[in-house]
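Look at the two complexes coming up: subunit A is in both, with subunit B in one and subunit C in the other.
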Partner chain A sequence: MDELVEKIKKIFAEEKLELLIGYTKGTLPLRATPIFIESADDADKLIFDFTCHNNLAKYLLDEKKRGGDIRKVGIIAKGCDARAVVQLVVEGQFEREKVVIIGVPCEGVIDPGKLRKELSGREIKNFEINGDRTTLLGNGFELELDMSELFSDSCLSCRYPNAPQYDYFIGEPAEPIGVRNEYTSVDEFEKKSPDERWTYFEREYSKCIRCYACRNACPFCYCEECFVDRSTPRWTGKGNDLSDTIIFHIVRVLHTAGRCVDCGACAAACPLNIDIRMLGKRVEKEVKERFGFTAGLDFETQPAMATFNENDKEEFIM
Partner chain B sequence: MKDFEPKIMTFLCNWCSYAGADLAGVSRIQYPPNTRVIRVPCSGRVNPLFILKCLQDGYAGVLVSGCHPGDCHYISGNYVARRKFAILKTALEFMGIEPGRVQFSWVSAGEGEKFSQVISKVTESVKVLGPARKLVKSTNSFVSSGKVD
Partner chain C sequence: MEMDTYKLQKGNLGRFLQKLGEEFAVYAPVKSDGVVAFVELMPGQESALDFPRTHKPPKDVFYPQTEVMFGYDKDGMHSVEYKGKPIALFGTRPCDAKSFLLLERVFIDPKYEDPYWAARRNNALVFSLACNDPLPSCFCNWLDGGPFSNTGSDVLITDIGDAYLLEPISENGERFLSSADLLQISTGKDIEKAQNAKERAESSMGAPPKLDSLKASLDALWDSPLWDEVSSKCLGCAACTYSCPTCYCFDIQDESRRGKGVRIRLWDTCQFPPFTKEGSGHNPRPTQKHRLRQRFMHKFSYFVEKEGEFGCVGCGRCVSLCPVNIDIRGFINEVLKTAQGQ
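Right after this comes the complex of A and B.
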C-alpha cells in the first residue's frame, strides 16, 4: 500500500493534479468508500484492495457538473474504471488532457449485494482472510466463505482486470480471475424456453422499487433528464407497475448498448439484488458479435451505436 | 383465436414506405386492414421506446418500415436505425417476447406490391401469435380492451 501512496504523491506533483479520486477505508468492515483528495498530503488515506468496488469514472461527470473551470483530475482506475473513463472521453464528456488515468491491477472486488445476501440482516464486526477463504466475524456468529462467493459477477467473467489505456500504472498487471467464458451465464439462460425467460425477468423486475440506484451508479447514465423523469411527454408511469418497470429496464439497457463496460456498478447498487446484468450482458454480446465493438478499449474507435457499417447484417429485416 | 383480428402499429418512413403504401392504395392492391399507420420522417426517427410503448398499450404487433439501404433521404438514417433495431430485437427475444411481435422491412416508393405482401405476412404471423400478453400494461390497455380503434 505504501507503494501506492508514494507513487500517487509523486504523480500529484509531476502532473500538477488539482484533484485525485481514489478509495479510502470505509466505516464498515469490507467496505471502501470513494475519497476526493485535493492535496498530496492527504494521499496517506488512499487504499486499494478487493473492497474497492465503486466505479470512480462516475465522479468525473460530477466534476464537470460542478461548474467553473474543470480541474485536472487524477483517477485510480481498475480495468473497468479505466474503460469507463476512455468511453466517457470518446463520448466527449471529459477532456483527455484533464484526466490522468492511474491504473492499478485488480484481482476482483467484492459485491456489497452478495455480502448483504450472505449476511441476511446480520452485521459483521471484523473479518479474516486466509488465502481464498474468508471468515466473517459478527455478534454471535462466524461465517466462513470462499472469496469467490463474494466477488462481483462482473469480476468472475472479467477480461480486462488492468486498464487498457493509462498514464501511469502502479504495481504488476493482474491476471483475470474469470477463467470461464464470459458469456456462459447468458448462453445457459438462452437455452430456456421463451416463457421461462419471460417469467424469470418478470420475477426479477417485480422486485424493483424504482429507486433508480442502478441508473445513478452507472457512469454512462448522464442524461440531463432521464426519460423516466420526463413529464412532457410522459414516457412511462412513475409508479411500480410491472410493465412500466420492465420498460425502464429494457430502455436502460438499450441506452447503454455498446457503451457498457460491465463494471457491475448497477448490480452492486441495487438494494434488492435484482439480476440487472443478465439483459445487458446479452446485448453486449450482440454488439460484440454483430458490430465487432467492445467499449472503452481505445480513444479512437467510435461507439457501435453512434456509427454504422453499410454491410451490417440485416437478416431480420423483410 | 381463429377470428382474432390484431391491431398492428406501423411506422412508415415518409420518403419510401409511406409512398409505397400510397402506391399500393392507388393501384388498388388489396391487403389486410389491421394496420394503423404513423408517418415518420425516417426510420431512424423511430425510438425503440415508441415500439415498447405500442406493445405496452396492447398492440399485437409493431412494424417499422423504411427505405432500402443506400436510399435514405437523409443518407444514413436507415443504417443507424438498422443497428438500433438489431439491438432491440435481440433484447426482446432474449427476454422471451415472441420474435414476430416486432418486425422490420425495407419498402421503396415503387414497391406497392411488396408493401401489400409485407402487411399480409406480418398480419398473418401476428394472428398466429394471438393477442399480446407480455409487457401489456393491464390498467392502460386501451387497445386490447377495445376502447381505441
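Right after this comes the complex of A and C.
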C-alpha cells in the first residue's frame, strides 16, 4: 500500500494534478468508498484492494458538470475503470489531456450485493483473509467462503484486469482470475426457452424499486435528462408497474450497447441484488460477434454504434 | 395497571398467525427470490421472522410505492378505497414500528387526514419483534429508540429460545392477546429470559453520541464545505430514500388510455433532479449537494422544527445499501465535531 501512496504523491507533483479520484477505507467491513484528493498530502488516505468496487470513471462526468475550468484529474483505475475512461474520452465526454489514468492491478473486487446475499440479512463486524479464502465474522456466527463467491460476476469473467490504456501503472499487472468463461452464463441462459427467459426477467425486474442506482452508478448513463425522467412527453410510467420497469431496463441496456465495459457497477449498486448484468452481457456479446468491437480498449477505434463498416454483418436488417 | 405478558410456543406460530388471519390481513416478512419484504401472508406461507432487517421497510403496507387514488372515464370519477380486512403487521422491528408514528405525523395531521393512509392504518395492529442481535449498521439507540423499544407497537415480541414472549403495549394489543388462543400466561422465568436478552442487545450497541445539539449544528453549518465533501461521491440514486422507513415524499401522475384512466401517487425522492424542477425549467436544487443536504436537513432539522423529533429511526438500511458507502452516522459525528470546533 505504501507503494501506491508514494507513487501517487510523485504523480501528483509530476502531472500537476488538481484532483485525484481514488478509494479510501469505508465505514463497513469489506467496503471501500470513493475519495477525492486535492493535495498530495492527503494521499495517505488512499487504498486499493478487493473492496474497491466502485467505477470511478463516473466521477469524471461530475468534474465536467462542476462548472468552471476542468481540472487536471488523476484517476485510480482497475481494468474496467480505465476502459470506461477511454470510452468516455472516445465519446467526447472528457478531454484526454485532462485525465491521467493510473492503472492498478485488479484481482477481483467484492460485490456488496453478493456479500449481503451470502450473509442473508446478517452483517459482519470483521473478516479474515487466508489466501483465496475468507472468514466473515459477525455477532455469533462465522462464515468461511472462497473469495470468488463474493466477487462481482463481472470479475469472474474479466479479460482486462489491468488498464488497457494508462499513463502510469502501479504494481505488477494481474492475471485474469478466469474462474468462468466470459459468456458461459449468457450462453447457458440462451439455451432456455423464451418462456423460461421471460419468467426469469419478470422475476428479477419485479424486485425493482426504480431507485435508479444502476443507472446512476453507470459511467455511460450520462444523459442530461434520462428518458424515464422526462415529463414532456412522458415516455414511460413512473410507478413500479412491471412493464414500465422492464422498459426502463431494456432501454438502458440498448442505450449502453457497444459502450458497456461490463464493470458490474450497475449490479453492485442495486439494493435488491437484481441480476441487471445478464441483459447487458448478452448485448455486449452481440456487439462483439457482429461488429468485432469491445468498448474502451483504445482511443482510436470508433464505437460500434457510431460507425458504419461495409463488412458489418447485416443479416438482421429486414 | 400491570398487564399480563403471554407466551407462544414457536411450534404454534403458524396456527397463531392463521388465527390472526381470520380477523386481520396479516403482513409479515417473507423471503421471495432473495428479497425479504412485508407481504400479505397467505395460508401456509412461511414468514422469515428471523431475518434481522427486511430489505424493504414495511411502510409500503400502509403507503404503497404506487397507489391508485381514483379512476376516471367519460362518465366521471370513481373512488378506489381499501376494502380489505384491518391490517396486522407481524414481526416489524422496533425501528420500523416507530417509523409509523413519524409517518403518521405527516399523513394524519390535525387539519388534514390522508384517506389512503388512514384506510389501511386505522385499526391496524403492530406486533414488533425485538432485536436480540442488533446489526453493526443499526443506530436506533442514537434516536431515542432501542432494540427492545416498544414505541409504535401494540405488542412487543421477544424471542426467548423455544417460545416467544408477547407483551401487550397498547390497549388494542392487550384486547387481542387476552382473548387469543394458543397463548399461556408467561412465567417469571420467561420474563427474566426476555430481560436478559434485552440487556445483552442494548449493551451490544455501544454508547450513542448526544444529538441534543444536532439540529442547531446543522442549521449553523448550512453553507459548510462538509456538504461538498459528503455529496461529492453521492450518485444521486434513491437506494437510501426508497429503503428508508420514514421518507414519505410522493409524486402524482395520471395514467390514461382511450378515454379512461387512473390517478396514481407514487414514491418520489428529493435525490432526483426532477423532484424540484419547476415548470419554467428552473431547479432550485440544481446539484447533488443541494439534494443530499435536503435529505439530511429534512430528517435532522426541518422535521424536528415541525414535529419536535428527528425524522429518522436509525434502522441502518441507508448505511448498508448506499452504493458508495455514504454513512449517515459518520456524517452526523462530523457535523457535531465541526460545530463544536466553531
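Descriptive notes on the structure:
Convention: the second predicted complex is superposed on the first by the 314 of 318 C-alpha atoms of A that agree within 3 Å, B and C clash if a C-alpha of one lies under 4 Å from a C-alpha of the other, contacts with A are read in each partner's own complex, and residues count from 1 in each chain.
The definition used in the following text is that a contact is a pair of C-beta atoms (placed from the backbone, for glycine too) under 8 Å apart; a residue touches a chain by one contact, two chains touch by 3 or more.
The structure presented is a predicted model; accordingly, all values stated were derived computationally and were not measured.
In the superposition on chain A, A:Phe36 makes contact with subunit C only, while subunit B stays out of contact range. In the superposition on chain A, A:Glu196 contacts subunit B only, with no contact to subunit C. Within the superposed three-chain model, A:Gly140 lies in touch with subunit C and out of touch with subunit B [touch as defined at top].
In the superposition on chain A, A:Arg116 contacts subunit C only, with no contact to subunit B. Of the two partner chains, both subunit B and subunit C are touched by A:Asp241.
With both structures placed on the common chain, the touch criterion links A:Asp2 to neither subunit B nor subunit C.
Counting residues of subunit A touched by each partner, subunit B versus subunit C, the larger count belongs to C. Residue overlap on subunit A between its contacts with subunit B in one complex and with subunit C in the other: 237, 241.
Within the complex formed with subunit C, the subunit A residues making contact are 26-29, 31-36, 54, 58-59, 62, 65, 112, 116-117, 120-125, 138-140, 203-204, 207, 209-213, 215-217, 225, 229, 231, 234, 237-241, 265, 268-269, 271-273. Across the interface of their complex, subunit A is touched by residues 33-36, 50-53, 55-56, 65-66, 133, 135-137, 204, 232-233, 235-239, 241-243, 251, 253, 255, 264, 266, 269, 272-274, 287-288, 319-321, 323-327, 329-330 of subunit C. Residues 190, 193-201, 227, 235, 237, 241, 243-244, 246-247, 250-251, 253-254, 257-258, 279, 282-283, 286-287, 290-291, 304-305, 308-310, 312-314, 316-318 of subunit A are the ones that touch subunit B when the two sit in their complex. Note for the complex: subunit B touches subunit A at residues 48-49, 52-53, 56, 69-70, 76, 79-80, 82-98, 103-106, 118, 121, 134-140.
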